[in-house]
Each structure stands twice: as structure tokens, then as C-alpha cells.
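Next come two complexes built around subunit A: one with subunit B, the other with subunit C.
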Partner chain A sequence: MYRLRFHGRGGQGIKTAGRILGTAFFRAGFEVQDAPRYGAERRGAPIFAYVRAARRPIGERGIIRRPDLVAVADDTLVTIPAAGVLAGVAPHTVLLLSSSTPAEVWRERLQLPGLLLTLPLGEVWEAAAVRFLGATLAGAAARLVGVIPREALVEAIAEELAHLGPSLTTENQVRALAAFDLLAEHAGCVSEGPEPSAAAYEPPRWVELAPEGADLAAPAIHLPATSEAVPTGLWRVVRPLVDRSRCRRCAWICSTLCPDGTISVDGDGFPVIDYQHCKGCLVCAASCPARAIRVVPERQAARVG
Partner chain B sequence: MQVTAPGRALLTGNAAAAWAARLARVDYVPAFPITPQTEIIETLSAWIDAGELDCRLVTMESEHAMVAAAGAAAVTGVRVFTATSSQGLLYALEMLYAVAGWRAPLVLVNVSRGLAAPITLEPDHNDVLAARDTGFLQIHCATCQEVLDSVLMAFRLAEDPRVRLPVIVNQDGFYLSFTREPVELPDPEAAAGFVGPFDPGTLRFRASAPLSQGVAVLGGGPYSYFRYEMHLAAQAALSVYDEIAAEFAATFGRRPPPVEAYRLEDADYAFYMTGSFATRAKEAVDCLRQAGWRIGLVRPRLLRPLPEARLRELLAGKKAVAVIDQNLSLGKGGVLYAELASALYGHRGAPLLVSFIGGLGGRDLPPEEFFAMAGVLKAAAHEGAAPPPRLLFTAEELEEVHRLRAIAGAERARLKESP
Partner chain C sequence: MRDKKPSFPKPLPSTHLLGTGTPMCAGCGGLQVLHEIYDLLGPKTVFVNAAGCLTLLAVYPFTPFRGGWLYTAMAAAPAGAQGVRDALDILVRQGRLPPEENLEVVALTGDGAAYGMGLSATSSAIERGLDFLYLCYDNEGYGNTGQQYSEATPHAARTATSGGPRGFMGYKKDLFAIWAAHRPAYAATVAGAEMLDLARKAEKAKSLRGPRLILALAPCPTGWDFDPQDTVEIGRLAVKTGIWPLKEYVDGRVVHTKIPRPRLPVEEYLKRQGRFAHLFEPVRQEELLKEIQAQVDAYWARVES
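Then we have the complex of A and B:
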């Protein structure tokens, strides 16, 4: 059985990638199971989707613990442990990163035992190409598993994106096929991982739970510390930056309108944004009367400092 | 996916449920439109909007009102479908008892999710089991195909004059509701032929002909009569189900059983569970068989009525059975375990039962745990006694709780520091 995972952020077409690849497998004669996985998150939050495909009915369910392929739409997620991109990566796992950083650099950085490939989509992805990221990744993954014909990929995109109309469907097909062709030399590099064995397995380390008293065992949140410890700022794909030369210090507007309470006011009356928790919704930028809040793509902002 | 023709297609559990309602040609769908409502209603409303489904959909202010409207519509003699999930089912609980008491035949799909507090979004069965005693019959699904098939069968079951009780068809959140699998989508004419037109019989509530469903206060005697008649009708649903299943098999070539028995014939041991993780149990059974084990799976699809005689027949002579409850009756234990024990108690050849609590809040059940549970069964059979119930919970999971607790500890420290 093939076990494949797509990782990205809400809004980057990860669910679509899973569905396109699932349908392409199905059209190629496989039994398929595919599902997106997200919780109460929103756009920008790390999410994933998974696809199982086999020549027999699939009974395995739930998240994929030992993936054969991990395809990542957004390389900023790789180093964020909460995104779980590298969870269960084994020697046979192929890692495909949509990244303008060369594969050699990633290999050096991550020191993974398996094959690591990059799909260079350039800087344009932030504006235009993001709309096609799902189909592009699905096209790449289809080539890497090597058992999906071009026609199945083309038909799967037509089927899954029919609601977008013919011109967008065609553009998605073009992008997906470009990725499919680009990775021709790696066709079939993804292999089906080992199946579980009841004769040799690592037993679960079950533990007994002891009663601990409600003081410890009630799920209470006493202070904002729990929220502080969850860096929701990693959901952000664009960053608001306060331009102090233009700011009129009417900081009560941006600070009260911030839905996450991430804007405080410093001693001089300037707003200060807590980037650990700012999700990049840009309500502040939209409401600033002086237009003193600039918006820059997160990658660019991260490079600047 | 834009599925328009019969045949095999990839469908989520939510899409399968919507398709079944469409194929059953439902007349009326009352729906609470906000979270935790499901894509089932969204899908139906899109079809109605596009003119593909001739049906009235009305959005209600709550699940409580939604079920009241569903019951009221059903007793006017129209075919009614509705859906909810988790907290929504609980909010409707009062009306679930009421409309079942009216003997209103309708079908409700519940998407199972763990209940607050604390909050989770993933599946377990405490929500649907809270509705266990309402008078709604319950069919629990393990695949998206079963969701579609069971909804079609549920209309027949609910509307049968020997039964005339509402039915809940249960599917797990995420693992079925959001998961696509190959589903055989029946030919619309064949499906309509199988479900048939709704013959409402005496259900003819009209504005021009007033009638009270919520009848006046009764003494205990008449109350007992009406309640026990519901119980008898629910029990009668067992044989009615078999008739319907035979007809379903003749029409569609599939026969969803009241109780699934997988590789059980020569088995010494068995897993016993409901819901979508049961397909993982089947994979584990295959692995264990490869390693020389004689083990199978028993999965009741019908939970109300509970096919007790069938369970006794299937499990008699087995050495030990692992009952895996994806629910927890706090202060007692697993609900399936207690129910199976009562069904087997005092009967010849009853196996040892070992209780496991697993999959709460969607917690994974990996193959290794099924293998380890088989080991526990063998040891229990050897000892001749069952060990105490076990929560499937690992040292790694306890470490995660300790990490969360470290944050809480830091909070407390700060609380004490602040004036």
C-alpha cells in the first residue's frame, strides 16, 4: 500500500492536492482512501492531507504514521515541530519540498536518510502560483509514485476542479503536467513501505493511570500562558509592519481591533506587534487611518530580520 | 467531485449520507445550519438550489427545534431526513425522546465526535450512546459504503408499520465523514424502487384536522404500556431488518448484516467493537492470522435493537473476547462491554470478556495495540480470568500530558506571584 502525506498551510490547496492524487490513483485502478486533516484552524495554519492507495480494499485508517512520500507546499513548515512534517519519516521516505532553496542545502540542513527533492516554484508562488500549488504538488507526487499515467492525472484535475470552470482547470492541468514532466528522472522513486507484522512488532508502552486529584487533573487554563505557549504566529504568511515615521500613535485603534490581542502600546505610545501570536489577518493594516502599517510577505520579512 | 451517474466513485461519508437521502427522495429536511452541522446538509441544499432535488429544506434555530420539526413533519406523512453531530445531538436529546414517543418515522445521520469538556473535534461514541435509550434505533457504520446503504435501509426500517420508530445512522467524524473511499452509488431508479414510496398509514396530521401527539399526563399504567410497546417495536425491528437486508441484497448485491462476523468460524479469540476503526481490527485480524493466530472480529451494526441472540450464537465457545469501547461511561466503564456481558451472562459457552477503552476523542488505534490485545486475550484464557479493564494509553501520551502540565504549573506559579 502507498501511504502519502501532503503538508502545507490552510489556503494552499493541500486538501485539493490530496483529492486530485486520490482520484488519479482511483482512475489508475487503485483502491483509494484520502482525507484532509485540520481542526479549528484557519487560513495559514499548518494542515495536512493524506492518501492511501493499494491494489486491495483498504482497512487501515487514521493518520499516516510511516509515510512513503511527504510532499510539502511551504518550506517554512519544515522546521516547525508543531506542523509534524517530518513525523515518521523513515529511510525509504521520499521528501519533496516546494522550495527555492536548493535540495543540497536542505539535505545538509535536515540530514535525513532518504531521498530529498525540491520543486523550485520561484518567488512568484506567494502571489499567483499559490492558486495552482495543490494541482502542482499532486502532479509531482503522481510522477514520483510512478504508477499514475498522465491521462489519469489530467482527468483527475478535470474532475476535481470542474467547479472552477474550464480555463482555470486547464491552467491547473498545465502546471501539474509541468511538475509531472520536471520529475521524470525520479519516476517511481516512491516505494510502498513495509506492512505491519503480528509476528514481530514493537509492543505499545501502556501505562496505568493513577488518580491525581482534580487540582491536577481538571483541564483548566488559569492564565493566558497556555495561549502564549502556542505560537499561532506560525500561521502567518504575511506580516504587518508598523512604520513609526507615519504612525500617529492613535494606537487604541489597531490595538483594540486586533482580534487576537497581539498589539500592545509601548511607553512612547507606539503600537508593538507580538509576532509570536499575530496570525497575519491584517485587520490592523486595514483599519490604520494613517496607513502606517505595511504588509510584507513573511519570507521577505524573515529575510529582512 | 461532481458525481452525477451511478457507479463506483470516491465519496466521503458526508457525501454518501447526502446521496442516500437524495436517492430515498426525501420530502423535508430541517437543519440547524451552523457548527456542528455537517457537509451533509450543505450538499443537500446545493442540490435543492440547483433544482436537482425536489425537497424542502428549512434552517432552524437549534438542533432541539430541528428534531421537533423533523418529528412534526414525519407525522404529517412526509419522508424526513436530518443530520447533526456531537454537541448538536445532545442539544436535541429532549426532542429525541419526544419524537420517538410520537412514533415518528424519520432518519437522522449523526457524525460522531467526542463531547466537551475538554474539547476535541475527533470521533468517539459517547454522543450517539447518549441517545441509546431514546427509542431511536441505531445503525453504526464502519465504511462510507455502509453509510449510504444504511440510510436507505433505515427509511424502510423506520417506516415499517411493525416498527415505526425513528432511526439514527451513525458515522465517525473525520475517519468517515471527511474521508473519501470507493462507494458503489446505486442506480436512482433501483434505489427508489427499494425504498419505495412512503405509506404514512394513519400518520395524517393536518392543520385542518387537529391531533395531539404530545398526549396529556398519564398515570404509570398507561405510560408503561406506551413505553413498553416502543421497546417491543424496537425488538421487532430485528426480524424486519433481516427481511429488508434480504431485499437489499437481491436489489444491490450487498447484504449489510445486523452483526458483522469476520474470520470467526474457527477462531478462539475475537475483537468486539463498533465504528470505523473496526476496519483496522480486520486488518489486524489478517496480520494475526498470518502469524498463526485463530482470531476474528464481531461488530454489531445494529446497536438498538441489540441482536443479543445473534451475539450469543457467534461468541459461544470462544475462549476470550476483547471488547474495545470507543466510549466511556464515567464511573462504570465501557458501554459495549457492559451490554455484551449482560447478553452473555448465564449462557452456556460464554467467553471471557476483556474490557479495553480505546480511541477516545479520535485517539489512534495502531496495529501494534491490536496485536498486544490479542496477547492479553491469550494470557486471560490461560489464567481462566480476565484482567481489569485497560485504557489504551501509552507512556508517550502520558509524557505529553506532563508537558501540558508543566505549562499549567508555570501558570500557577505566576498566579501566586501576582497580587
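Then we have the complex of A and C:
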């Protein structure tokens, strides 16, 4: 059985990638399971989708813990533990990153035993590139698995993206096939992982909890603004930076318009952005009358900012 | 006004009450409006939240609020508000709650509840003269479940349930007029992008007692298909093209608080959003565009006559 996992952020086409690959497998004669997984969070939050495909009925359920392929749309997620990109990566696991950073650099950084490939599929902060990321990643994954014919991929995209209309569907097919062709030399590098035995199954452990009073056990929240413990800054792929030399200190504008209220004003009247929580929507940069808020990709931000 | 903090109605707050770290999408227009209004209403506010996107603000153990929050079924926010109001009144009357700790009760719902499912409960609450503020964040569709059409969806918009070359065939319901017909204490339309207009109206609503509506346009990057940084620009264009009139009902009269002059063609607003892309591509749908413009023109002709 093939067990594949796609990682990305909400809005980057991860759910679509899973659906396309699942349908392509199905058209190639496989039994298939595909499902996205995300919480209540929205665009920008880490999500993943998984696909199982086998020549016989699939009895396995739930999320994939031992993936044969991990395909990642957004390389900024690799270093975020909560995104779980590297969870369960085994020696046979192939890791495919959409990244403009060369594969050697990633190999050096991650020191993984298995094959690591990169594809510069487009920068995640460019809306034009993100539009096609899901289908492109599915095309790449289809080739790496090596058991999906071109036609099955083309038909799967037509089926899954029919609602977008013919011109966008065609554009998605073209990009997916380009990725499919580009990875020809790695065709079939993804192998079916070992079947876990029932004997190795570890049942969940029973945890004894002391009974609590209703005031503690009830889901009531007694502290204000506890949401601030949630670091939504991890959603950000680009960072707004205030250029104090250009800032006119009309910080009430950016501070009021920031949907998340992450901009406060310091004693000198300059805006201060809370990067722990800024989601990188860039409303501040777009609304700044003095154009004093620069935008840099998050991975460069550490160097500039 | 550029560099000076406006003193109208009083300096806009530069620290914000609503906590960061919420799971709303980056660039959420609904969250923007809520955080702007919450700053003006102050912490002595209890929110009664009908099912919708913003319900996800408070997911145990996290909340961005400084005070009370109650979750109700989709159609029941005004009924929930009645219960909370009654309880507070009784506590004050019995001397168990000091009058200075009394709370403002705010029903917080999206357009699905406000225009549709919850309208009957709203009508009854206004009829009973319930002392509450109704804040509707109108993103013109059931955004929480993937932007199916609601009774607030504008003509010709594409939604998850309105595909095809002409988009949504119905017309947006006039909720403001429905409220005004009930002769409430106050009703106003606002846009998060027009923060001074919004601030003045929030102050006004706060100073009155009885049923009050603040109906806020909530540009939705996910459901309307535009880049999150354009949330403010889209809101401004809605006002400048006249498709979202800013107005208030008070003392039996409707007053427009911002009359766009010159009024931009409505196309300027539509073409920035993917949900209207089919009006321009692959062929320009002149007839539909003219119809939408004619409706906006007719509205303002009535206003200015």
C-alpha cells in the first residue's frame, strides 16, 4: 500500500493536491482513500492531506504515521514542529519540497536517511504561483510514485477542477504535466512501505484522572484573551517591516486596520508589529499612506529585520 | 488628518481589547470590524454569538474576549441576548450586581443568521424592544462552510452553490430596510475600511438603549477570492462605487453618512474579486454588468431625489 502525505498551509491547494492524486490513482486502477486534515484554523495555518492507494481493499484508517512520500508545498513549514512535516519519516520515505533552496542545502540541514528532492514550484507568497501549487504538486507526486500514467493525471485534474472552467483547468494540467515530466529520472522512487503488523500495535494507554469539581471540569474560560497563547505568527510567509525613516507616525491607521489587532503604538508614536501573532495578511502595508511598510519573505526576514 | 490622530469622535484606540491569536483567515474583514467596534464598546460587553465563522474565535480553552461570550444556535442569537439581558437586569435589580458592572449585550452573527435563519428571532426581539446591539459581519455567504450562497449574496456572484456563467441568480436582501421598518432605536451600515465613520456609529449605538443594528460589510479574502492585503481596498471600493451605502437610521429618519462623489463605476469593485471574474472572462457580460450598475444608480437616484 502507498501512503502519501501532502503538507502546506490553508489556501495553498493541499486539499486539491490530495484529491487529484487520489483520483489519478483511482483511474490507474487502485483502491484509494484521500482526505485533508485541518482544524478550525483558516488560510495560512498548517494543514495536511493524505492519500492511501492499494491494489486491494484498504482496511487501514486514520492519519498516516509512516509515509512513503511526503510532499511539501511550503518549505517554511519544515522547521515548524506543529506542522508535523517530518513526523514518521523512515529511511524509505521520499521527501519532496517545493523550494528554491537547493536540495543539497536541505539534505545538509535535515540529515535524513531517505531521498530528498526539491522543485522550485513557485514562491508561496506569489498569488499567481499558489493558484497552481496543488495540481503541480500532485503531478510531481504522481511521477515519483511511478504507477500513474499521464492520462490518468490529466483526467483526474479535469475531473477535480471542472468547477474552475476550461482555461484554468488546462493551465493546471500544463503545470502538473511539466512537473510530471521534470521528475522522469525519479519515476518510481517511492516504494510501498512495510505493512505494520498487529503485534506491533501499541494500544493507547489508560490515563487515570482525578475527579475535578464542576467549576474546573466545565469548559468555562476564566481568563481574558487567552487566545494570545496561540502563535498565529507561524502562518506568515511574508513579514511586514516598518521603515521608521519613512513612517509618518500616523500609526492609528495601520493599528486600527490590522484585522488581528497585532499593531500597537510605542511611546514615540511608531507602530510596533507583534510578530508572534501577525498572520502576514499585509493589510498594513497596503494601507500605509506613506508606503513605509516593506514586505520581505519570512525566510529573509531574520537577516534583514 | 494625515499625520495627526483624528479626534473624531475621540482618539481612536491604539491598544486593542480583542486578543490576538484567533483562528480567523489572514485579512478577515469580519475580524477587522469586530476588533474596531470592541475597542469602542469596551470590556463591559458580553457577546452572544450565533454559529458562523466568528464562533471559532472562542474555542476552549482560547478566547480573544475580555469578558463574557455565549454560543447559540444559528437562529437563536437574539433569543440568547434576551436571556442574558434579563439575567443581568434581574441581578442589578436584586442588588447582586452593582449597576456600574452592568454589561452591554451584543448579538454577534454573520449574514447567514442575520439575513436568513435568525431573522424571525431578530424581528421578535426588536418588537419586544430588547435592549441589545446586533452586530452583523456580512461576508455575503456562508463563509464558515465554504461560501455557499446566503440571502445576503449579491446578484451574479459566484458561490459554492452558484456556479455557471451568471453566478447567483437572486438579489441581496435589504436587511437595513427590514430593520428600519421595525422602527428600532438605531440601525447603521459600516465598513471596517471606513474606520472613522464606523467609530462614530459605534459610539452612537453605544449611547442609545433598545434594539440597535450595526451591519458591517466584511470583505472575505477566502470566500470572495482576493488577496488578503486587499481587504481594506475592497471595502473602500464598495463605498466609493456606491454598492455598499453608508447610512444610519435614527429618530425615524435614514441619513447617508457618506455620499460617494464622484461615484466610481461598480465594475471597479467587481473586477477586483474572483467571485465576479466570470463577468469579465472569458467574455465580458455587458448585460449583467449594466444591470448591476443600473441597480446602484437607481438606489442613489432615490437617495438624492
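Keep this in mind: the second predicted complex is superposed on the first by the 230 of 305 C-alpha atoms of A that agree within 3 Å, B and C clash if a C-alpha of one lies under 4 Å from a C-alpha of the other, contacts with A are read in each partner's own complex, and residues count from 1 in each chain.
Keep this in mind: contacts are C-beta pairs under 8 Å (C-beta built on N, C-alpha and C of every residue); 3 or more make two chains touch, one makes a residue touch a chain.
Here the structure is a predicted model, which is why all the values come from computation and not from measurement.
Applying the stated contact rule after C-alpha superposition, one finds that A:Asp68 touches neither subunit B nor subunit C.
In the superposition on chain A, contact is made by A:Leu216 with subunit B only, not with subunit C.
Once chain A of one complex is fitted onto chain A of the other, the partner contacts of A:Gly59 are limited to subunit B, with no touch recorded for subunit C. In the superposition on chain A, contact is made by A:Pro204 with subunit B only, not with subunit C. Look at A:His163: by the touch rule set out above, it reaches both subunit B and subunit C.
Contacts of A:Asp274 after superposition: subunit C is touched, whereas subunit B is not reached. Contact with both subunit B and subunit C is seen for A:Gly39 once the two complexes are overlaid on the shared chain.
Shared-chain residue A:Thr262: touches subunit C; no touch with subunit B. Of the two partner chains placed by the overlay, neither subunit B nor subunit C lies in contact with A:Glu298.
Residues 39-40, 163, 219, 221, 225-226, 229 of subunit A are contacted both by subunit B in one complex and by subunit C in the other. Of all the residues in subunit A, the ones that touch subunit C in their complex are 10-11, 39-45, 127, 163, 165, 167, 219, 221, 224-232, 235-236, 248-252, 255-262, 264-265, 274, 276-277, 279-283, 285-287, 289.
Across the interface of their complex, subunit B is touched by residues 19, 22-23, 26, 31-37, 39-40, 58-63, 65, 159-160, 162-163, 195-199, 201-207, 209, 216, 219-223, 225-226, 229 of subunit A. Across the complex, subunit B meets subunit A through its residues 1-2, 10, 117-118, 121, 174-175, 178-182, 276-277, 279-280, 282-284, 287-288, 290-291, 293, 364-369, 371-372, 374-375, 390-396, 398, 405, 407-408, 410-412, 414-415. Across the complex, subunit A is touched by residues 2-6, 11-16, 18-29, 31-32, 35-36, 43, 56-67, 163, 192-193, 195, 221-222, 227-233, 278, 281-282 of subunit C.
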